[in-house]
Amino acid sequence: MVARVITELVIANRILAHEDVVDAYGHVSMRHPEHPDRFFLSISKAPQQVGKKDILQFDLEGNPLSKEKRPLYLERFIHGAIYEARPDVMAVVHAHAEATLPFGITDAPLRPVIHSGAFIGAEVPVWDIAAKFGERTNLLVTNMAQGRDLAATLGKNAVALMRGHGFAAAARSLIDVVRLSVYLPRNARVQMAAQQLGAVKPLSRGEIEARTSGYKPQSPETQRAWRYWAERAGCASLLRELD
Amino acid sequence: MVARVITELVIANRILAHEDVVDAYGHVSMRHPEHPDRFFLSISKAPQQVGKKDILQFDLEGNPLSKEKRPLYLERFIHGAIYEARPDVMAVVHAHAEATLPFGITDAPLRPVIHSGAFIGAEVPVWDIAAKFGERTNLLVTNMAQGRDLAATLGKNAVALMRGHGFAAAARSLIDVVRLSVYLPRNARVQMAAQQLGAVKPLSRGEIEARTSGYKPQSPETQRAWRYWAERAGCASLLRELD
Amino acid sequence: MVARVITELVIANRILAHEDVVDAYGHVSMRHPEHPDRFFLSISKAPQQVGKKDILQFDLEGNPLSKEKRPLYLERFIHGAIYEARPDVMAVVHAHAEATLPFGITDAPLRPVIHSGAFIGAEVPVWDIAAKFGERTNLLVTNMAQGRDLAATLGKNAVALMRGHGFAAAARSLIDVVRLSVYLPRNARVQMAAQQLGAVKPLSRGEIEARTSGYKPQSPETQRAWRYWAERAGCASLLRELD
Amino acid sequence: MVARVITELVIANRILAHEDVVDAYGHVSMRHPEHPDRFFLSISKAPQQVGKKDILQFDLEGNPLSKEKRPLYLERFIHGAIYEARPDVMAVVHAHAEATLPFGITDAPLRPVIHSGAFIGAEVPVWDIAAKFGERTNLLVTNMAQGRDLAATLGKNAVALMRGHGFAAAARSLIDVVRLSVYLPRNARVQMAAQQLGAVKPLSRGEIEARTSGYKPQSPETQRAWRYWAERAGCASLLRELD
């Protein structure tokens, strides 16, 4: 079980790098399927370079469960705080995908406008670290207080934008959160372009609900994307380990 | 004959993937040249990964002609309904190319503005699934009623945009529909950029007709593009099978 | 001498393809250095695939000097007509680079705004085939009358945009015209973006003249770019043939 | 020591090329760690092709310390003049990254709007060569007088835009200046997109100071990016030489 989770998490890291959601920065985690008070996350590495031996277990306050000398992600508290606040969430991504950033520094709300963007949900709140932590932070989420404040803004939503920084996405499975993170920037680009053309018609609440409620991580449609992205990212042999 | 069609359809799948018209999603079909009440389409696979053994025959209601356990594209009804309504159409593409999406969610009409975009035709209607099927669909075309409604909006045109979703393109040959689908997003990008610069001069009706009527799938100019795209997509050996 | 010209022209074809100036379409030619009433141009091939045996000699009316069964570029008259009108011109590119197209279908004038764009010159006229040949052409330049009309619009300039189609660029050497064609779309993208930010300050006439008059195809700076582009395009061994 | 600096500088050249900050043009230098009146810079080569033997030592007036027949960068005076004016600066980049150019030809000020852009500093002045050297230069910085004028505009800032040309960036380490140069165009793209959406909230002065003062070139976070970029650029073996 743990070996499987770790392999899947390595694949997720590489997909997010290959699909340009993360670069040297950004990370993806998974809650432990048997110990909900733990999560899996890499040590401080560029996602494209993460291997199985880099994946550690953390408690929900961001402490590694085993002694570890290698450096850790400074922002692992994003993950712990969201798992703490959201028992339904099984996987989290934090990233700085370029197309999401303009919506974090303006008042224009990001909304799902294409069917593949439906999973971002009807509301995408923007968290401004300065609101609670003042105008002199380095914008990073480096402790649990900041992580919990972000999680509070996230609320029941799937995504929170982080002003001047990036986004945090939460979902009930690893495949969900990867898919969400890949299509989030595309939705953002389409919305930005459409707003230059005229008034934009977003998805209706009913459409968002119909897509979200009907979505299954193990459906052939979802597996098709996962396998396609994984193979493009050079993970064909890792996929075979899971078959 | 059938072997040739299948090889060509594999090449078309790979071209559309390599030219960024489709990603994990989107599909291309071809009407059976001898049985107009059938069409060829892959099982549920990312187009880049489609091989000869993945291509099945379907009747125009989207039923596979042979027993098949592998999952099928949920939206195969797009193809069947267009073939049913349009005896002149020999090939269909459904895709979500990013640059086409803004025109589906605003009132700005997509128009041919460059000569390579002429084949999209003078009018590009927008189909909104909600108009007939309400505000609670998942936006996918998952039955013949929806497919027929889309085909009715398409009418005699070459392309219909699908609000919040993508487009369907229809042409009298596989090469036509691939070429159309490759240049459609480019035309959309050029139009979007031009609209930021000022009033846009689209192609005239006479120019659209001159290009469309003079176009031959077997002309050296068209074959040049087909072979170029196919080789870029890694299909050099498949091309040789057809020579 | 002829062998050298042909090798250089193959390299130029591959550079233009790799730098995304041409795709399946577009072409580059060179005037014969000893017979100014001839020029070298490929048969009808995607530039990325052009080899030495594809390069033919043409007279200035676009007729191949030797019998040739392979198909020819439909628009070779662009080249002939420009060489005929401009004795100073030694090389011509015709292409459809995407970023140049918006300026051909709006009234916004394309102007040099960055130093690498200076070579497009202070004025970039727009040629509209419909002005003389009516609203029912297929937009292609398929005879000498059309080519001569384009050359007349080009006048003494380096580049003419072609409405709804692309551009023609002319220069006194092959390296010049390649460099011009690579930086023309970049200049266009920068100008488009800048116009969204506010009033744009183009290069002054004095700056354009200073750059153009000081430019030498054999200077280390120009050779640096040529070799860099050629190696990126897979032409390292062709470069060595010329050393 | 010198061998190490040279290897690092080769890596920096390749990173900047791979991350699309430079193309055939643009350069990166490093001050000599033991002789502050010297700096290391390549001969005139495209950065992607720079090797160890191409790195020379120059005095602060741009003269090579050893006899050299190979051509030199015309604009090496940018580097010398900045090192002369700024004893705190240990590394300099000059480049033409496309996304920075629109801010040099309009009155829209470039400002840090994302946390990775904080290192560009609160103010990014624009240097116009015409202000002091008139309207007839070729825009290049080809002597010390021009370099010193640019350095005066740069002042205590990290980046100066150069009107119609590019930018110069200065930092206290090579890793700093590379990181700054990679994220500068990203910050510019985000700001441009955001300005189309509405009023933009830049980073606060406190946030800029918090990030800049807390930043260490040898921190795991910075090394993570350096190694990631270096490996992507094909420098894995050069990295190993430094370990």
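We call the chains A, B, C and D, going by the order they appear; numbering starts again at 1 in every chain.
Convention: a contact is a pair of C-beta atoms (placed from the backbone, for glycine too) under 8 Å apart; a residue touches a chain by one contact, two chains touch by 3 or more.
These numbers were taken from a predicted model, which means no experiment stands behind them.
Note on connectivity: the fewest steps through touching chains from subunit A to subunit C is 2. Superposition angle, subunit B onto subunit C, using Cα atoms only: 90 degrees, a multiple of 5 between 0 and 180.
The two sequence copies subunit A and subunit B touch through a face in which the numbers common to both fall below half of the numbers used overall.
In this assembly, the C-alpha centroid of subunit A lies 32 Å from the C-alpha centroid of subunit D.
Taking each chain's centre as the average of its CA atoms, subunit B and subunit D sit 46 Å apart. Shown for subunit D are the residues that touch two or more other chains, namely 196.
Taken as a contact graph, with one node per protein chain and an edge wherever two chains touch, the assembly forms a single closed ring in which every chain touches exactly two others.
Chains that are in contact with each other form these pairs: A-B, A-D, B-C, C-D. Listing the residues of subunit A that touch subunit D in their complex gives 23-25, 44-46, 48-49, 71, 74, 96, 98-99, 101-103, 105-108, 130, 134-140, 163-165, 192, 195-196. Within the complex formed with subunit C, the subunit B residues making contact are 113-116, 118, 186, 189-190, 193-194, 196-207, 209-211, 214, 220-221, 224-225, 227-229, 231-232.
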